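There are two complexes below, and they share subunit A, which is joined by subunit B in the first and by subunit C in the second.
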Partner chain A sequence: MLRLPTLFRLLAFAVLIAFLVQPQWFEPLLRPLVQENAPAIYNQGSLLQLTLLHLRTVAIATAGATVVALALAILVTRRSGAEFLPLSRSLVNIGQTFPPVAVLALAVPIFGFGEKPTLIALFLYGLLPIFENALTGLTTLPPSIMEAARGTGMTGRQRLMKIELPLAMPVILAGIRLSVVISLATATIGSTVAARTLGEVIIAGLQSNNLAFVVQGGLIVAVLAVLIHDALQAAERSLGSRMGR
Partner chain B sequence: MQLRVDKLGVIIAALAAYGALLAPFATFRANRIVAGEARSISEALPPAWAAIILFLIITTAGIAILKTPSRLRLGTAFAMIAALALGIGAAAAHLTPPENTYARVSPASGFWILLFALGLLAADALTRLRPSPLVRVLFLSAVLGFIAAVLTSGTWDGLSLLKEYASRADTFWAEAGKHLMLALGSLAAATAVGIPLGVLCHRVARLRDGLLGVLNAIQTIPSIALFGILIAPLGWIAIHVPGAAAIGIRGIGTAPAFVALFLYSLLPVVANTVVGLAGVPREANDAARGIGMTDFQRLIGIEFPLAFPVILTGIRIVLVQNIGLATIAALIGGGGFGVFVFQGVGQTAMDLVLLGAVPTVLLAFTAAIVLDALIETVTPNRNRVQSA
Partner chain C sequence: MIEIEGISKRYGETTVVRDVSLTIAPRTVTVIVGTSGSGKTTLLRIINRLVEPTSGTIKLDGEDNRSLPDYELRRRIGYAIQGHGLFPHRTVAQNIATVPTLLGWDRARIEAKVNELLTLFQLDPVAFGPRYPHELSGGQQQRVGVARALAAEPKVLLMDEPFGALDPIIRAKAQDDLLAIQKHFETTIVLVTHDMEEAFHLADRIAVMDKGEVVQYATPAEMLVKPATVFVESLIGAGERPFRLLAIDTVADAVEPGVAEGEAIASSASQREALSMLLWSGRKALPVVGPDGAVIGKVSLDGLAQRAAGPT
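Presenting the complex of A and B:
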């Protein structure tokens, strides 16, 4: 039994795939946006390949950010790391005031042009929401449950793996989702420093005054972001209901 | 008194030791584009200066490692940052050969690592001291005042960053003005439109889901694409609507950037207005109705004041976000600090990137601190906002 919103998303996904594989089918739709002789479909590379590279960059950065953010959050919520807890909260707040463009631009002199500065910037920027949510999840557990776990003689490690992480998981997953959506949009800026992402299409459009390029690049990223956001949310829900919540 | 070791202090001291002894303090380049040569603290500074800086770093590391009072740690961190700021200026004067206008001196990794370590020390001490909003703003003003004093005193004039500034002083302030206009102007417009929309969404439930859905969708469009997409409709308006071009509406430039920032700003303002109004206690509304207030009186007298802290939080999100996003405007000829950032990236001139990035970060930071203080001041005691 498919509900209307689900049907809508499946349709959007089908259109996206069709556009990436056979962009020329959509040429008549984009034609009105360009002048007479200008190409209406991006012609300096395959849209499908750029999309996959875009997704790969986001996936690598988010995976790295998840591992590091989670490890740090676990560390500062243990008794031995408690001294770092207040500072880590402040650092998250301070970090989020840093504009992504500044992070990206400052990474260029250190790591050169291309993929690397983009990965670094996405990684650093992606850390914040995951770390913040993991901290919230791990520090707001119901005291009665923690007390009961201690009472049954669980070791610190068992408590972490069997009680704390599973209970905090929904909040942590929400942080990862937020991080992915931010990274998907921010990765386009990476193309200003020659990373191969969908930003390339948009920037090519800005430079050659080709609105069709800008629109197709922007729409692919936007549809990707919406679909991935919803898919992750659905995954979180099914995970939650399987764990009996 | 028993001496105990502070774990964070050990990390800070290790960072400081690496930054002071192993990493270069300053970079010297014979001209603007050649590769730089690294200089350590002892090479970059006159012997007396180097000795003072190293002595101060050792003292700071000692204070950081031991469990010391937060006030002492904070004072030490700021004193050390001030010493570093003066030191890098002295390094520039020392390294630049006399009468040479081509040579460039800039802070190198060691300087930045030291600054980061001291920033950690100061942030940790500040977090533990939990200063009141007023004290935080006074602190911020003191730091900004110090930066302004060092800048006007000419101590940093030998630094590459300031040389980039000197050759662009006019454009710098013009772009600064544009950046502020973009960030603040779009915020003002978004507030003027967003708050009434939020009230409407609060009253009309059916409108809420639809409008918030549309605003959410706008947020997923990458910023450079949204900036670009708006070029077409604004270009059309400029040509076909009489008088539009006269008030500065054009396809490229500031107008599409302004509209894009405005669209991005709407969601936090509208959403927070809705959340704030929804959080007004039912008893407050009932009491207001009971004494015969009209809907409008209730909105102005009861709902707004109670929802204000949440609305202000939305405005804070927008302001910090806009200051950062306004850098992208440079890609479509909209001006702002992004001009220097992207020019610098294009020429691989780090100093030019910094000339754009540093003011942007400072602005965002100032906005965050001031608005956080404001939010904490207007929030009733029972649920204080936790902030840095």
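Presenting the complex of A and C:
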């Protein structure tokens, strides 16, 4: 038996796919938002293609942020790397507090218009949640379990791979989830520097005073964020429940 | 054989283990007792090098325990701790297989060992092997913890308050199981506890620690008759001494010729159990039966009273 919230999510997913593949079906719903002869459905490119490009940008940036943040968290939680903890904390914090718009503005002169500045902004912005969560996960492992791991004769590397990372995984995943959701929304501003994301739809709506464009661009991003958030959370829960949490 | 020679451990200014020397005979159970903070855990962890001593050496069967990498040493020494320390993301079978897997045993051998141990600890391998630790009761988790420590057939098993989290009935059972398993595998066990009852029940020899020093290292009987210090005496508990003394030896050692009336007691029971039965049934003597069920004599209240008397 599917529970009601699950049904609801499946339904939302089906509607999203339908909208991306056959947007004109939804034309009557959006028509009231626009003036007489203005288009109610985005007509300057394929919504499906933009969505896929949007997801690709977020996926690449998050993958990069995950690799770097996790490597950093592992490094500073080893005995040999402990002295780098304060430094890496402040670096990552700067990445988070520096506004993505400013990163874009600084990156464009160096890398030119297109996807690259957006990737850099999203990467920097996504580091902090992953790093902080990985740090929490790796430093709050139960002492009796770590003691047992040493007592059974695991090497440092074996403890990391077999015990520490698996046990910290739900918390690390929660950090990745936060990062993905932030990136999904933030990626829209990439379109101001000509990255191909769903931001194009929103910007086109703003420029031509077309409320329907703004709403459909925003809704696609929002539904994507909710669905991906919930899917990752379900993965965390199933990992966690196996361990009896 | 474990030879502990002049081991000391200091943290900054404080000495938590001070110049400890003990020789532990193979295939025996040595229990380290003492008040909380007396350095028991630290001494135990120095044996498998979870703690490095400030000075002194430890030899296992004549070999310095620093002659091989610490992780390899630990794979050869079983280690069981209070609260079991089972890996929550691994099944019972995977937990028990930890050290054999690290040692690179082949699958069939690991599986056979896991099944053997689960059966030995009265856990059905089919039902319990695939479960996760949180799906087990406290007593079952503790047994799995000991099974994991024994999986690679170590000659030495270190145990730090292994039964501390168990309720009294399960604890008594766990202690008896441990003794049976110790005989079965001929393991040398060093066990830390602060429970004197447990110490007298399990120990071939007891080491009493006080403020980092071993103040007495003796058999339970010696310790009862000749406590080395006032501290040891108070730890044993003056009021318990005659009963602890009787608890050490079996009825077989106290059999006298003659006959007695009523229900018999087995010669393998402890003398304390015989005293208890005498007092409870209001008799002066009990018939004693041997392992084959034949009466071999009697055990008397007077005889036990003499045995329970301290030196005068």
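Please note the rule applied: the second predicted complex is superposed on the first by the 234 of 245 C-alpha atoms of A that agree within 3 Å, B and C clash if a C-alpha of one lies under 4 Å from a C-alpha of the other, contacts with A are read in each partner's own complex, and residues count from 1 in each chain.
Here is the rule we use: a residue touches a chain if its C-beta (ideal position, glycine included) is under 8 Å from a C-beta of that chain, and two chains touch if they have at least 3 such contacts.
None of these values were measured; they are calculated from a predicted model.
Colleague: Based on the superposed arrangement, let me know which partner A:P99 touches: subunit B (first), subunit C (second), both, or neither?
Modeller: first
Colleague: Who wins on subunit A residues touched, subunit B or subunit C?
Modeller: Between subunit B and subunit C, the winner on subunit A residue contacts is B.
Colleague: Name the contact category of A:Q158: first (subunit B only), second (subunit C only), both, or neither.
Modeller: second
Colleague: Between subunit B (first) and subunit C (second), which, if any, makes contact with A:G217: first, second, both or neither?
Modeller: first
Colleague: State whether A:R150 touches subunit B only (first), subunit C only (second), both chains, or neither.
Modeller: After superposing on A, A:R150 lies in contact with subunit C but is clear of subunit B.
Colleague: Just to be sure I read the superposition right, which of the two partners does A:V171 touch: subunit B = first, subunit C = second, or both, or neither?
Modeller: Neither partner.
Colleague: Which positions of subunit B touch subunit A when the two form their complex?
Modeller: 6-8, 120, 123-124, 126-128, 217, 220-226, 228-229, 231-232, 320, 323-325, 327-328, 331-332, 338, 341-342, 344-345, 348, 350, 353-354, 356-357, 360-361, 364-365, 367-368, 386-388
Colleague: Which part of subunit C faces subunit A closely enough to touch in the complex?
Modeller: 48, 50, 71-76, 79, 81-89, 98-99, 102, 132-135, 145, 148
Colleague: For the complex, give me every residue of subunit A touching subunit C.
Modeller: Contacts found on subunit A: 144-145, 147-155, 158, 163, 166-167, 242-244.
Colleague: Which residues of subunit A touch subunit B in the complex?
Modeller: Against subunit B, subunit A makes touches at 33, 81, 83-84, 86-87, 89-91, 93-94, 96-102, 105-106, 108-109, 181, 184-186, 188-189, 192-193, 198-199, 202-203, 205-206, 211, 214-215, 217-219, 221-222, 225-226, 229.
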